[in-house]
Structure formats: structure tokens, C-alpha cells
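We call the chains A, B and C, going by the order they appear; numbering starts again at 1 in every chain.
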Amino acid sequence: MATTACFIIVSRNEIPIYEAEVGSAAKREDAAQLHQFILHAALDIVQDLAWTTSAMFLKAIDRFNDLVVSVYVTAGHTRFMLLHDSRNDDGIKSFFQEVHELYIKILLNPLYLPGSRITSSHFDTKVRALARKYL
Amino acid sequence: MGREVSESCVDSLLTEIVSTYNNRFYANKPELAARRIEAIGYQVGHQLSERYTMERPRFSDHLEAIKFICKDFWSELFKKQIDNLKTNHRGTFVLQDNRFRWLSRISTDPSVENTESQDPSAAAESKASLATMHVYFPCGIIRGALSNLGIPCAVSADISNLPACKELLLSYSVLSFYDI
Amino acid sequence: MAPVGPRSGDAIFANVERVNAELFTLTYGATVRQLLTDLEEVEEVNKQLDQMGYNIGIRLIDEFLAKSNVTRCVDFRETAEVIAKVGFKMFLGVTATVSNWDADGTCCSIILEDNPLVDFVELPDTCQGLYYCNILSGVIRGALEMVSMKTEVTWIRDVLRGDDAYELQVKLLKQVPEEYPYKDDE
């Protein structure tokens, strides 16, 4: 399992709607902040790339020291972004695909406002389980 | 094949949404009723476009997205594709469905009969205005779906042939079609 | 000639025009959301959903009677069974069960385990007083009123509120006698 892995979901309007530190390393507040900062900095790259390819999974679009940013962009331009130190592309792809299914279920809840924070604890638990399985 | 319900469920729900907003909540403000009915459609279109694009590559241009709406998306909803897609190459698209189920039912809807007065021309008018109300829902679905796919637009419907002809013609213009 | 018996819910559902349930579920959900936005008070939303259901019920009864071959039920017990076994099946594609009858046969529960209205729904904290499926109670009340049974329909259990099933209590308040006698040859 990856020691460092920070996962965020960013809405099409560039608003973060979900964040989770899913690596096995001990949780540190300042590290988490740095991770999110790196991910946000990579958003511009994603924006430009998204219309040039029809692939959903964009691997290693940015780097920071030994950390790599991989991204998955849905048809609705919701972005799943992962900062990781592992090099397991297949695992990361599966992780994204399964999170996508979970995300669609959230989106199909008529009482969920698209683009708002995902507060479902069920979703959080499932995402963390997927991270343990694939990353 | 996924789960199914009887078509009457959807028909009676739509009829009731229109009557709730148009006859009860905003009886004298049809434009407000229209906006609410459109908003309900918008949410459905937004959700379904995300769902039905799950297994496919993301659209890299707008025409692909429009074609998806005409073929796959329309088939999922109505078991048929859009019959004709036209564009003026300046950002307006016209989608035409010659047998649009939701409209072909209005003429037989008993709740419409109840609202009719004795005067035949008033009756025709009331039928036409009710049909217009029904059309805001699918307009909302299309706008919601396209917006979600990165194409902000305005959608309007032309149902000028109602209620005279039986072969109903429905067209959508996608306006202010621009890059984001 | 032997009378034609009522058709089974499965047989009718197999023959009616059917549509993608997601479209129905999401349209209903978007309606609930819109009502919450417009009316603000959850209590008021419950009331409007019930009213919408009632209006649908008084219209659906004709289709129900026509397609099911059910001759008008006089007995409340029999009526409840028909709603659960035939009515739910022919419209929503699911079957309900009837139980918890009271001693004089005027009050029972219709229990639904599988409910297409709530696929994907999770109630946020702000909607705790909401009876999300309240349209169903209205439909039952409206339909029964058209066959001369005045009822009161209330939710007993709701999965969205943490229960293990959906349970609607249907209580017969008044039965208006039929205005015309049945003809033997019908």
C-alpha cells in the first residue's frame, strides 16, 4: 500500500467537494495541507488537458519531488485527483473507476445538490476501503 | 435490462407536476411555473447524463456530445433516437422527434378535457398552453444534460403544430453555444 | 358464461408499456427537491406530495380497473389485497404484502420491501421530518375514494428513516354504499 496518498474530488467549478488522506503514513496536519496545495496547483494542467483527450484516466500529469499527481475526469468534468508515491497505474485506474461508481450514486441522490460537499459517511468509508485495496 | 415501471407512472407524474405548478402554485404566473418545471427536468438531465456516460470515453468536442444526446441518451429515455439533427453552423442545433411520446399523450389526457370550456377555440388554446407547459420538462432535461457535458446552452421547443396534427413535431434549438 | 377472474399483477405488468425506472425515480426525486426549495417547510412538502398522489390516484383507478378485470371490490379486506398484489405490481413492478389486520377488519398495513421511488435516496439531516414517499399514501387514498372507500393512510415504517421496510397503515373511515346495483351479466 502507498505510504502517501491524498485523494480529492474537485467539482467542475473548481470547488473541492471531498478530501481524504488515504496513505498508510502517520497523519500530519501540515503534510495534508501541502498535499492539497500540490493538487490544487495541478488543476490548471488538468483543465487544459481535459479537452485534448477523450481518456478519463490521465496518469502522472504533474510531479512534486517523489510524489506524482494522477487524475480522472468524468464526462461532467468532475475531477478525481490523487497525489501518490506508488507507481501502480493499474491499481490507481481501478481505484478511480470504482470511486466513479460511488460518486454516481451520490449524484443520483435527488437530495444531493450537484457541486456541493459530499458528506455521506458511507461514501467516505467506501473510498477508504478502495484505497486500501488498490493503492 | 434495468428496472422498469409502467409508463403510466411517468405519465401521471408529469401531468401532476404540470398541474401542481401551473394550476395550483402559480395559476396566474405561467412563466414562474415554467421555470420550476424546467428546473425539475434540468436536475434529471444533469444526473442521467453523468450516469449514461460512465462507460464511454469522455467527449472531446461538442458535436460528439450532441450526437450522444440524440442517439444513446434519447434511446435510454424514449426507446428511440432523435429523428433529425440540423445545425446552422453558428451554434444552433435543432433536434427533431417526430413521435414524441410525452406530447402524443396530451390529447388523450382526461385532465385536459376537464379544463376545457364550451368554446372550442378556448379549448384549443388551453390544450396548446398545457402542451407548452409539458414541454418545459424535456427542455430542462436536454439543458441539464448538455450543461453537465460542458455545453452551457438555452433550449427552447417549437410545438406550433399542436394540437391540430397527430404526428407531433418537436424541435429543440440549442442557443448561445459557446466554448467554456 | 363463467366470469373472467382478476388478472395477476405479473401478467398485467408484462403487457403494459414500460419505461426505464430511473427516469421515473429521478423525476420524482427532482420534484421532491423542487418542492423543498419552493415550500421550505418539510411539513408543507409532505402535504403537497400527498395531494399530488391523491390527484394521481383518482385518475389511475380507471386504468387499474380496466386492466385488472377486478370487479368493484365491496369488501375492504379483499380490496387491500388487490392493491398490494395487483396495483403495486402493475404500476411499479413490485409486490407489497398486507398484514396487521385489526379485529373488525377496517385497518391494515401494506408493507413494501422493494420500493423503486427511493433508489439512490439518502435523506440529509435537514430533511428529517420528510415523508419522502408521501405520494404513495395519496395515491392509495385517492384511488380508494373513487371506489367509495374513505380512508386515512399513514406511514408506520420508512427505510429512509432507519426502519427495515416501508409500512403504510390504511384505515377505513367510511364506506359509501354503491349508487347502482351490480348487474348479473357483468
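In the analysis below, a contact is a pair of C-beta atoms (placed from the backbone, for glycine too) under 8 Å apart; a residue touches a chain by one contact, two chains touch by 3 or more.
The chain list, named the UniProt way, goes like this: A, C = Trafficking protein particle complex subunit; B = Trafficking protein particle complex subunit 6B.
In this text, all values refer to a predicted model and were calculated from it rather than measured experimentally.
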From chain B, the most remote chain by mean C-alpha position: A
Between A-B and B-C, the pair joined by more C-beta contacts: B-C
Chain occupying the most central position, where position means C-alpha average: B
Gap in Å, rounded to a whole number, between the CA centres of chain C and chain A: 43
Distance between the centres, which are taken as Cα means, of chain C and chain B, whole angstrom: 28
CA centroid of chain A to CA centroid of chain B, Å: 35
Contacts with 2+ other chains: residues of chain C: 22, 26, 28-30, 33, 119
Where chain B touches two or more other chains, by residue: 43, 47, 51
Sites on chain A at which at least two other chains make contact: 108, 110
Residues of chain B touching chain A in the complex: 43, 46-47, 49-51, 53-54, 56-60, 148-150
In the complex, chain C residues that touch chain B: 13, 16-24, 26-31, 33-34, 38, 48, 51-52, 55-56, 59-60, 63, 90-93, 116, 119
Touch list for chain C against partner chain A, complex: 22, 26, 28-30, 32-33, 36, 119-124, 127
Residue ranges of chain A in contact with chain B within the complex: 12, 50-56, 73-78, 100-101, 104, 107-108, 110, 114
Residues on chain B engaged by chain C in the complex (per definition of touch): 2-10, 12-17, 19-20, 25, 36, 39-41, 43-44, 47-48, 51, 76-77, 79, 110-111
